[in-house]
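Below you'll find a set of structures to go through.
Note that chain A is present in both complexes that follow, paired respectively with chain B and with chain C.
Our next item is the complex of A and B:
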């Protein structure tokens, strides 16, 4: 309606109407991440609580949690490509490795046993690790444009074996199997973050750093998911032919999905080993990929908070399984004996994946949603 | 924006102009478009009204010309109405459900010069009967889909072109509108409200500027309904037909006089969802709406999970007792009801009201037809301040209302201040006299003389009585009173409403005039009975199939028995039979306001009725 549209309005920017959470007067409100006061308040409480843990918990626990946060970044990455865009990837460990070695090589000593460039500043090696991994993701992506489902899974599986072999053989970069090399050194403006310093103990600093980074990455992923790109991903996941008919360029978005996902994986890889300080080429096996898949499936497919929940879940059951030998003498903590805890862990991941897929396909997030819907629909059932 | 100096009478138009000047950026109304509630500011509202008015001037509309509006509730309805009043025209509202034959009658009876039709459906109706309406010169359509580029009738005009006419006219004659508005007089007729016509063809009730201004002073600014009076912070959901005096008052007049924000529901089917979104503070409904909400609560509760069902049932029983208490006190809480309500609010009422879209309702009203007290009590119990009000088109909806805190259940309340109301000693008919009494039926002076006597008393046609000397209770419509063969006078509506308070019964028509006993034609509520049958594993196909089931008959018999137990022997329903179909406006069984046309029904379902007396 041309005339009607030309009528000037003196109304100011659309605002929320107080006390009416469902009354949206603009799309921005409809799309807002934290659209109600209650959500804002609870998110704030949660974030404050998470940060305050740095002062409450023991350093040992902080290290485990920091590892979990980094794994969560990796899981979010896998969720972008497999959850949002629906492209099954078993090769996540490969991209994590690329990130870990890029960062390690950049920050390593120039005259060391392995390749090093002496750039220990985190703001250099972290983005670099992501970018290099993303480049590999983009290289692999065209395969995804041609393959679907099972075939794509097999191809990405091949990546893991390929990578494992290369990393084991390329001793000047990785130090070789069983030997390994020092990982990326987290340094910010000359301050070593993983050592005790003015900001607290090394573990406390790393905990705060990883938490902050997790929030940044999670927010970025949430924003991506609600953007045009996120909608295109969902369209491809639900039916690629239909998406193409609607005008979603498949190749471009599949490449984008792999690129972004690999960026997350690369960053996660770089950070993960900078916590422990040591990286061994044998760690980037299929088991790592399976761990990420377990996080996504247990946490919740195509949800960011689900990925975080899944990562926390998987990482936090490790201390439990590690204490198994003390309770059940049958299970050994020695890798050469069968059954050992690591085998038990692998079996447990598989079991959890099966159980979740059968009983709660939407993962931990689905359980949360179910609980929330139960109370939201009170006093009715729908 | 041209600023007209106000020299004529104050009208709803000058009120809006004034608001656009004082608070141009504040929200006047919202309508849902593309999934988002689009806001319309007062300045936009006024500009649109101005353009419509200029467009009407451009089309040669003179004072007293009739402009018909045939549309669902939407901003354009208000622009058209206000634009018409601005040029001293008369707005005639048509129900969107009016079939072509009724459209022909309304257009020709009112002699409308311009028709503003919403979409292809309404345009088609008008074009079908255009030969019977010689006065009709132009049809302005709002939604172009299916019309533009396909229809070639020269009388058609798109809303956009219509506004463009206004734009050109405003540029050429910037003062024309102000001059026309300055001529406005108190005796100008602003609208024709057609009666629903349960007994004969609808009659156009002429309401004047003075009538409307009196209604605004009494009902809105004077706090005749809400207390405290409505303000700019109040929200309202507009969903009932605007051609009815009640919705016109709540939408157009509340908005113009008090600045209440109007939110237009997407359609009558989405009212439930829209209520949840808007959470209005003032809510008006006809009995059918309240009954339907109550039925919905019943269905949803029955399909809820065990814990929810048990707790909610418990709290609804508590609400029932709170409701009883409130009925005794006239709507004021006692300490004990407050405590119970507070606990129930946490566990049930808050969530329930939120789901119903009544969390923030500070004033709810039922009117336009009689309602069963039990339905009102339910809402009072869960904390919705419910008030039954009474009025009719002929007295600009001003007669009586239950005031907050002085509610008497089963009555329609106390007369408003400035309203003279008496009950005729012989006939028991309610008579009103005040400045809101209408100017007459359009083109029917004899009919006017029948209802307004020489002293200015309006004969409402309702039989009533005083309760405690302050409140008025309405027995029934005078014409509907049943005199049984035994000579007893029975008011059918009371029995019918008691039946309709059951979630399983949608329609109930009590028959028994000059018959040995009372019987009823009953129509089941498809949703609830269907759900009931489903849970019992009863397969059914159609409405008819469902109502023919012996189990359903048993269910309804139970309802009838429980209602009978509350009435005297002569007022009990001895037999009943089911209506073989759902009543419908199109088939001439209901009026546009969903009121039952008793005469038509008695004729259509003669067989069923006779069957019950055999």
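Our next item is the complex of A and C:
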């Protein structure tokens, strides 16, 4: 039997019809990441622009942006477990901490004050940080398989407190509260990446490195989301019992979701503190988890580009609020005076979470979609 | 033996504070199916309100006044942030309460400042002897006041029109609505009650040692308590709160001696360990109703 030529099978690589950007003739086209020429062109421009910022911006701004990119990797991780798979996790800070300390311990000096193995090569400690965090994620996941909804949220909250306690007490690993230890040393084939070298200043190399890693992690997440696994996650999120009835093994996919999410968190933790070079056990508190949740919610739930936008938004608020005292003399930069920048910053996190959830549940991504639809249907936009 | 009994009394005292907070969580959960993460902020606000009012009105008038103030604050939060979200997924509402908590706490922290604020309570660290036992008065005050409040609360739910309305709305919102119960009023009342209880708990947290910016962490220990008792059981909240208090007190007294490898201050996180263990065995807590789902 022959297949009619105008009905493409799933295997055929049907060609795009010229001048009909919205006409898909195969499933592969429908699922393509960059399905229109405009998207391809603009993504290319955006990536080139992001890389060229390394040569344009000052080192201080590059450091902030590199931090934002790393936070974006962590936010994508939280989005996989909470956005795509619908398992609410308040424990993201715990997995970030595990990644940070695994990397710091592997790359630390052998005879130092804290545990160290002297393996400073980034291709050793970065995957290791991710894998160790993922192992912890898999250990926690069976609890998640038994619990649903807010019960899970409370348990993961408990995880943050237990983790904080362990990290504060385990002084040979973490240096103890208030003291801390040196973070992972980013070294690639013997070249220190966070110091000025043949490739440019330390900030420039770290910026390019984090940007490249963010692109890799984001692409991986996008591909995961449109695969069999991603569809299983979405089915569990929308109705877990229905998903199980349709043949999605709940426990296996919940474990997978936690594992992958923790891998992202671990890598983010390892990189985050290698930029600043110092890690203190008090920083992995509930506030860090709330920050990640804010990024996911403000950016857009279950979207990768939303997570990146959210992370950039949250991290870039900081330099903005820091410049407030110059504009509004009421707000002080001194922490002992009441309306100070840190208070404004924390209030902004909270208010932004509330405002976005009430008025724009799809987040920045939703705003972007709305703006795009407006101009696409112009002049007939209502 | 004497030491053990004194430890237990301390545990019951702290546990009754957790029970008050846990009751607030459960009341809101039963009415709206949401865990309110704003309870820590309300507790802290209550304690700070007492510490300011006590200079004007004296302690015994300051406590009910502060509790009413916080109940009003909770009403306002419910009206502005929670009511527009009716019908949206519970996770979204829970995260909104998390945002509310962050905002309210920053404002309250500004009132606390760097120092420790005293409650001006009559108990302080004073001790009293019960037969051979020597215990602090404040543990007894906490336990006594909580017992009275819990009795009043259960009577309220059992014997008054509003209590009946709240029970009806918790059982089945739509049917209650059809019978003329104002579900909106029930939501408001549940938040006000939770705020009231949180303020009293905050005052007790501040007795003796006073409140500081980090005191809010204590309120989160009510979360293990409600998980232990079951999210939708009022009795479970009381039992869970007392159990968590006693467990924590036991760890405080004996862990340094018998299990020093767990590290200093392990008692602070012991409630969470208990919670994890209980959840492994009984995912719906000790008294919670098992969810039955149809697809």
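In this text, the second predicted complex is superposed on the first by the 344 of 382 C-alpha atoms of A that agree within 3 Å, B and C clash if a C-alpha of one lies under 4 Å from a C-alpha of the other, contacts with A are read in each partner's own complex, and residues count from 1 in each chain.
The definition used in the following text is that contacts are C-beta pairs under 8 Å (C-beta built on N, C-alpha and C of every residue); 3 or more make two chains touch, one makes a residue touch a chain.
Computed from a predicted model, the values in this text were never measured in an experiment.
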Superposed model, chain A: greater residue contact from chain B or chain C: C
Which superposed partner A:146 touches (first chain B, second chain C, both, neither): second
Contacts of A:165 with chain B and chain C, given as first, second, both or neither: second
Chain B versus chain C as contact partner of A:58, first or second or both or neither: neither
Partner chain(s) touched by A:241 [first = chain B, second = chain C, both, neither]: second
Touched partner set for A:358, first chain B, second chain C, both or neither: second
Interface residues, chain A side, partner chain B - complex: 1-4, 7-12, 14, 17, 19-20, 22-27, 30, 377-382
Chain C-touching residues of chain A, taken from the complex the two chains share: 88, 143, 146-151, 153-155, 157-159, 161-162, 164-166, 168-170, 239, 241-242, 245, 290, 293, 297, 336, 338-339, 343, 346-347, 349-354, 357-358, 361
Complex contact set, residues of chain C against chain A: 34-35, 81, 84-85, 88, 90-92, 94-96, 98-103, 106-107, 109-110, 113-114, 220, 223-224, 226-227, 231, 263-266, 268-269, 272-273, 275-276, 279-280, 283-284, 291, 293, 295
Complex contacts: residues of chain B adjacent to chain A: 24-25, 27, 30, 35-41, 43-44, 47-48, 51, 159-160, 163-164, 167, 235, 276-279, 300-301, 303-305, 308, 311-312, 315, 348, 351-352, 355, 360
